[in-house]
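Each of the next two complexes has chain A plus one more chain, namely chain B in the first and chain C in the second.
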Partner chain A sequence: MLSKIIRKIAIRRTYHENIRTSFLYFAARKLHNSQTLQQTAQNESSTIHASSIQRGNYSQLTSDHIHFFESILDKQRVLTDPSDVEPYNVDWLKLAQGQSKIVLKPKTTEEVSAILKYCNDETLAVCPQGGNTGVVGGSVPVFDEIVISTSLMNQILSFDELSGVVMCQAGCILETLENYLSDHGFQMPLDLGAKGSCQIGGNVSTNAGGIRLLRYGSLQGNVLGVEAVKANGEVIDCLSSLKKDNTGYHLKHLFIGSEGTLGIVTKVALQCPPISKAINVAFLGLKSFEEVLKTSINARKKLGEILSSCEMMDHATLDAVTSNLKLQNPIGEYPFYMLLETSGSNREHDQDKLNFFLQSSLVSGEIEDGVMASEPSKIKAIWEIRERAPEAFKADGWYIVYDISVPLKHFYEIVPIMSKCLAGTSVKRCTGMGHLGDGNLHLNVSGKEIDPNLPNIIEPILYEWTSLLKGSISAEHGIGIHKTKYLHYSKSNSSIQLMHNIKQLLDPKGILNPYKIFHN
Partner chain B sequence: MARVLVGVKRVIDYAVKIRVKPDKTGVVTDGVKHSMNPFDEIAVEEAVRMKEKKIASEIIAVSCGPQQAQETLRTALAMGVDRGIHVEVSGKDYETLQPIHVSKILAKLAQDEKADLVIVGKQAIDDDSNQTAQMTAAVLDWPQGTFASKIEKGDGNLTIVREIDGGLETVKVKLPAVVSADLRLNEPRYATLPNIMKAKKKPIKKVTPKDLGVDTAARIEVVSVEDPPVRQAGSVLADVDELIGKLKEGGHV
Partner chain C sequence: MLSKIIRKIAIRRTYHENIRTSFLYFAARKLHNSQTLQQTAQNESSTIHASSIQRGNYSQLTSDHIHFFESILDKQRVLTDPSDVEPYNVDWLKLAQGQSKIVLKPKTTEEVSAILKYCNDETLAVCPQGGNTGVVGGSVPVFDEIVISTSLMNQILSFDELSGVVMCQAGCILETLENYLSDHGFQMPLDLGAKGSCQIGGNVSTNAGGIRLLRYGSLQGNVLGVEAVKANGEVIDCLSSLKKDNTGYHLKHLFIGSEGTLGIVTKVALQCPPISKAINVAFLGLKSFEEVLKTSINARKKLGEILSSCEMMDHATLDAVTSNLKLQNPIGEYPFYMLLETSGSNREHDQDKLNFFLQSSLVSGEIEDGVMASEPSKIKAIWEIRERAPEAFKADGWYIVYDISVPLKHFYEIVPIMSKCLAGTSVKRCTGMGHLGDGNLHLNVSGKEIDPNLPNIIEPILYEWTSLLKGSISAEHGIGIHKTKYLHYSKSNSSIQLMHNIKQLLDPKGILNPYKIFHN
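Right after this comes the complex of A and B.
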């Protein structure tokens, strides 16, 4: 098996100059004894991936600083008690641990502006935080950066029924927005498993993808306007609600996907599609990845305009969900599963279309079995199987997720390769699932006890392979702290240099979310 | 081997947000997604498992309601039921259809079809009546085992474990009998595509309550249907003294 990998790489060598032959040594390397993550000295970070980072030359927090913050926010919106601050210092996966001593909870853009102006003057580093649901360690401090939480900026400002444009503050929770819109007959253009906790400001700052991207496009298209605050406190108001506005540079794009390093997003204007009257979901069992690809091509052809999601998961993922969360498997045991969703305006038309597609796939042998549902309760139950998978992996003890974009043909290849490389380690599960329709694979690795060495085994293999295929090392999760060392795998040196230039222009003192995205 | 009659009801899907009609005569059902009553799904599943274990020979599903009730019957057929009977009740009659009527219908069908066991969900999630199984047993003068969480077949009898407030009660009933299914009896299967295809060929017979000699004239009158009162917002208090102050203010102490 390993020789097959070596042969494949040798062939691809001619297409890519920068292959390190040490790649193969990494693949064959044995593990050292595991070390537990220990709390380290103030100038070192215990966050996985951050151990070699030194704290930047920022000021230390003083009581004068605290008094200033208390003067612009009320006392209860300035958290300094360690037990209050603690949850803001750890990310959802518990792989990133910060050492912040203070959390600020502004309610308005003016408060954010005042805070940032002061922090910039005083050279205090800050870490903007929304729902803290990110999986690349970008939402928590690395050292003692001041956490600026948008949780209290949760007002929905306006909704225009005619255009479907909603304007809201950055701290609005995705699910809250979805519920508000559904009362008006509209829905959010994005949906993800973390919807009960993630905030729209964070979604915009990470250019979140999710399960509806296939149909409604990315946030880059759906965000019509943004209001953000620069490092020096200056408010940049590009909160347009117009679908078309070609007046100069599209500044809002500076803040979409820049993970809080170029500005803090305070308001968002989003264009929202009308809610679909007819939603159907199909959960399918397939015998090989080849059939998965065939089915997804057919789905796109035959379901075309009504297809709204095309997801896949392997058997190991379903196994985690059924064993850890006790959810019901709708069909039998198959090597691969797919979840298709259609959203349209005519119930009978859509059901007939989906039915016909599924029956013909069954007859032709592309799918082995499947269920179809149009009742909201069953649709919810089937989506849970896919959306709660991260929760299921977390229940194993610890869980890392990798998120890559590669050409569809090679979508699943890395999973068996990685499983083989991880055999004999403390890893319990190595599985693949993802937004098949977007070419975006989530590689899940979970086990009982975290081994800090595992990323060193997984990452060189994974990212080299991704780079060979000219893929992205982070399809939708962003860079955060976990992938800073690998940015060059997917972006050219000149691109990275331009990013540095823009960062220098917008945040010369580097106080906004330092240590994230860039590695140095 | 036993012939089993399963009652299934078409109700508003439990994941749908219920809206009261502005004229307060009922809830909005037009264009709202319906599905099989979850407890009835459990009843169907139990009947199908009995057939798979060869304890039952034939399963017949019955649903009372308008034309759309046939969709519910098709779901039951796709889960493994052999044939369906649609008792057509629509319009005003359907709005006032009560367990008292349904139980007489099920009783007549149980006699006509020579059923050995009638199994229904313990209650419907729209009216929460929890009466149909009990009334059907009374009309037939058959023994009943309600809130069943486990059913075992013996020789001409059933041993049923019932979930009651005090814990679990085990009863033994002679067949023929009426059973109502509770939540923990089983986990209903999904209707898979090949089975949905097969179900299209299974027969659904249509009858009316009149054919069965049952009068569906209204026995109740719906006076009004209203939303529950809106929940008042709570408030965070600073300390115990303030709490006592507020309680005194509100006349609670």
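Right after this comes the complex of A and C.
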């Protein structure tokens, strides 16, 4: 089988000789070693990745510590009963498992500040946690870190209808904010499948992407201000609510996407766009990835400013959704599917544009079939196919999702290669879907019972491949605990050294979310 | 006159008693003191702001240093003739004047790295300079700093038509990039009046705003990657060309908007939007600022996703443009003018939307008069009224522009107050214009001969006012040298301390653009 894969790669990889040669060597070596690895791998740790990590030299929790926490929070907000603590120790995918003995639930910035000051003085490691919806094990403890949950920091502080700026505490759930803004004619600049559970502080701390990024840009552009608490308890107030503010260094970016390792985000100010009057969704069937690519380029040209999402999935992804969740495929069976969304201020204009685009794409043969929806219930039904895909994979038994960015022309190439690499293993599905408009592929791997060695087979090949294409080994999910050893594939040594220096500057004792992003 | 101003302020400032009381006290004190200040002010320095600054403990330039620079650059790229060096010592507004004796013009990152390593070893201060179009004195030396001009680093390195990502050296002129992209059906995500001279490295280093920010967002969202050289010559490669890349800290933001104090930006990767097929511009006359505000809100609602600029100017601004530059006002005389631009993918749809908006605004009486243009020559003529305003003020003799962000409802309030405060001084015009869509006002002050005491009258009042409204004392122009003493009006002490810590981390000897943002 290996020779077949190599031949297939060799045929496809003619555009860049160095990439091809290097990758082939690498893939062959990894596949050759995988059997041996599989035999010797032991589930030494309770997570699939953390086996080689040693606990840092942090203090152990004592009853004195607990008494202190109870003195600044009321007792109900200091959880120590193992059954209460357990849900905070395990991630959504059940791939990362911590051993924390305590969860603290502050309500205010001052409480977070007091907790951190104390933990820093006592050298107690902490793990900040929002909605615990991350998929890289970043939001659960690795050992016995104290969990600081932001879930009770859920106050919306202000909303300005003139500017569209909302200011809120970190623990507000994304969907709650969306519903609140909707009542005022506005919407959040980000949307993602986990919106019912994920918290805005976690979104900001992981620079979450999602399905609106194509239209409204990244959180780095939409977060106007952040309040965060440093490891020593000092509150850094960069909570500007201004669209423009060029007064000194843009410190908020230290906290956007640093996964809680430089500070705990306590408040956020976000620029929110007005809600669109007209939303249309099209679900398309296509015969090849080449047609998917052509269609995405045409959509950008012909739908221009109203294109708000451009998603793709392969047949194997749709099959998981229809088989496991019993959702209905609104069109026939095709190798690829696309979900396009338009949102604009004039329904008639938008439908004109979308109709023209769909008709010309059908006539040219770029798309095989498609449905279009304008009514909210039908739009929701179509979006569910895309948004509930992770739930569908999880229903197989276990599920790992990989999240890479590569140049658009190489977007899907790794999926068939990886599928072949995984033939003969316990993997049931290896599929591709993602945010085509952003060059962001999610590679989904699922099966009945997890084999802890699988990441050792998949990851070196996937990340080496991504690195050779100058892609990102984590487009939107972050590094967390699962990807620490691969950080160098996407970041230069000088960048990693500078990250360490900044970590040392802001958190010299390394108490904030240790073992994440890079090993301390 | 003072009592009249105070009465007027008192009538207007009922919405926030604390703001009013504090501001009145402050304004009265400043106005009372201004005569005394005026009498004692001496033009101790060659700049209007730098008189109190002491030269840092940097080495003096020697012939050995010059020989070294000539050994790594060819002699033509080491300027030491005073007449060659002089243009690099003075800013565009002729308000900041340095005394550098040498200008270095590297062509490559490696040359920048070698220069900085040497300067750091020798404790020689440097001043990075792009197109020298800044208005806060940030890009010219204060004393004898070595000027490192990026103007020969002008190579466009790559452009990907699939993703719209351009990668280039820092010295590329904005308009050159715009023209290059235009040939490929794309445009830059930023545009500003200085586009013919300003360089993208300077734009990035100052997080430049401009007239497209409303539509395409800030540079913080559009810059995908940066390569920068630290003070010690180390190259930090964050030159990702990916739309999404969540692998560790987002280090590029250390260099976006830090005004060359943390590193010299050498390369940039930018996300560029496709060029719009249809552009329309409307120039409107309005009878009051209240109508301006209503019109801007209506424009956002009715023009939605196609609104690409929403600018305003008062009558006094237009008067400067028509008197000094002989540009024609296409409509009658009104207290306020607005310039709206739409850009979209369908001319017919866009004109429908714009016509509907203009008609309903005329009928409701929110706008008094207006013209609309769709032909490039007419669009250019209307845009010139806005874009050439700085040139018009400069033609008065001297010109200072202040650049603040305040909540939209307070956008114009300071202009009439400041006009009255400045009555009886040498000021000829005190006018307001700005990016209404971003809450960003430019307060323009001009006259025949500069009075170096004027900033001492204007700035404390303006910045105190801005600070009380939780605004920004520099929305898009940066801090440079002119605003260092006012940084605390927009930034908390803890933030300023953290900025100092980061400066110390990245540039421990403080050689990079000293005296800027904050005094070393």
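The rule is simple: the second predicted complex is superposed on the first by the 474 of 520 C-alpha atoms of A that agree within 3 Å, B and C clash if a C-alpha of one lies under 4 Å from a C-alpha of the other, contacts with A are read in each partner's own complex, and residues count from 1 in each chain.
Here is the rule we use: contacts are C-beta pairs under 8 Å (C-beta built on N, C-alpha and C of every residue); 3 or more make two chains touch, one makes a residue touch a chain.
In this text, all values refer to a predicted model and were calculated from it rather than measured experimentally.
Colleague: A:369 in the overlay: touching chain B, chain C, both, or neither? Say first, second, both or neither.
Modeller: first
Colleague: I'd like to know which partner A:353 touches here: chain B for first, chain C for second, both or neither.
Modeller: second
Colleague: For A:199, is the partner it touches chain B (first), chain C (second), both, or none of the two (neither)?
Modeller: In the superposition, A:199 touches no partner, neither chain B nor chain C.
Colleague: Where does A:378 make contact in the superposed view: on chain B (first), on chain C (second), on both, or on neither?
Modeller: Only chain B; A:378 stays clear of chain C.
Colleague: Considering only touches as defined above, state whether A:425 meets chain B (first), chain C (second), both or neither.
Modeller: After superposing on A, A:425 lies clear of both chain B and chain C.
Colleague: Applying the touch criterion given at the start, work out whether A:133 contacts chain B, chain C, both or neither, answering first, second, both or neither.
Modeller: neither
Colleague: Taking the superposition on A as described, I'd like to know which of chain B and chain C A:274 touches: first, second, both or neither.
Modeller: second
Colleague: Answer with first, second, both or neither: which of chain B and chain C does A:169 touch in the superposed model?
Modeller: A:169: touches no partner chain.
Colleague: Where on chain A do the contacts from chain B and from chain C line up?
Modeller: 277
Colleague: Sort out for me which residues of chain A touch chain B in the complex.
Modeller: It comes out as residues 277, 283, 328, 330-331, 358-359, 362, 369-380.
Colleague: What residues on chain B touch chain A, complex-wise?
Modeller: It is residues 13-16, 31, 33-35, 38, 187, 190-194, 196-197 of chain B that touch chain A.
Colleague: Could you list, by residue number, the parts of chain C that touch chain A in their complex?
Modeller: Residues 160, 162-163, 206-207, 209, 213, 217-218, 220-222, 234-238, 240-251, 253-254, 256-258, 262, 274, 276-277, 297, 300-306, 343-346, 349, 352-353, 405, 407-409, 435, 438-440, 470-479, 483, 487, 490-492, 494-496, 498-499, 501-502, 505, 517-518.
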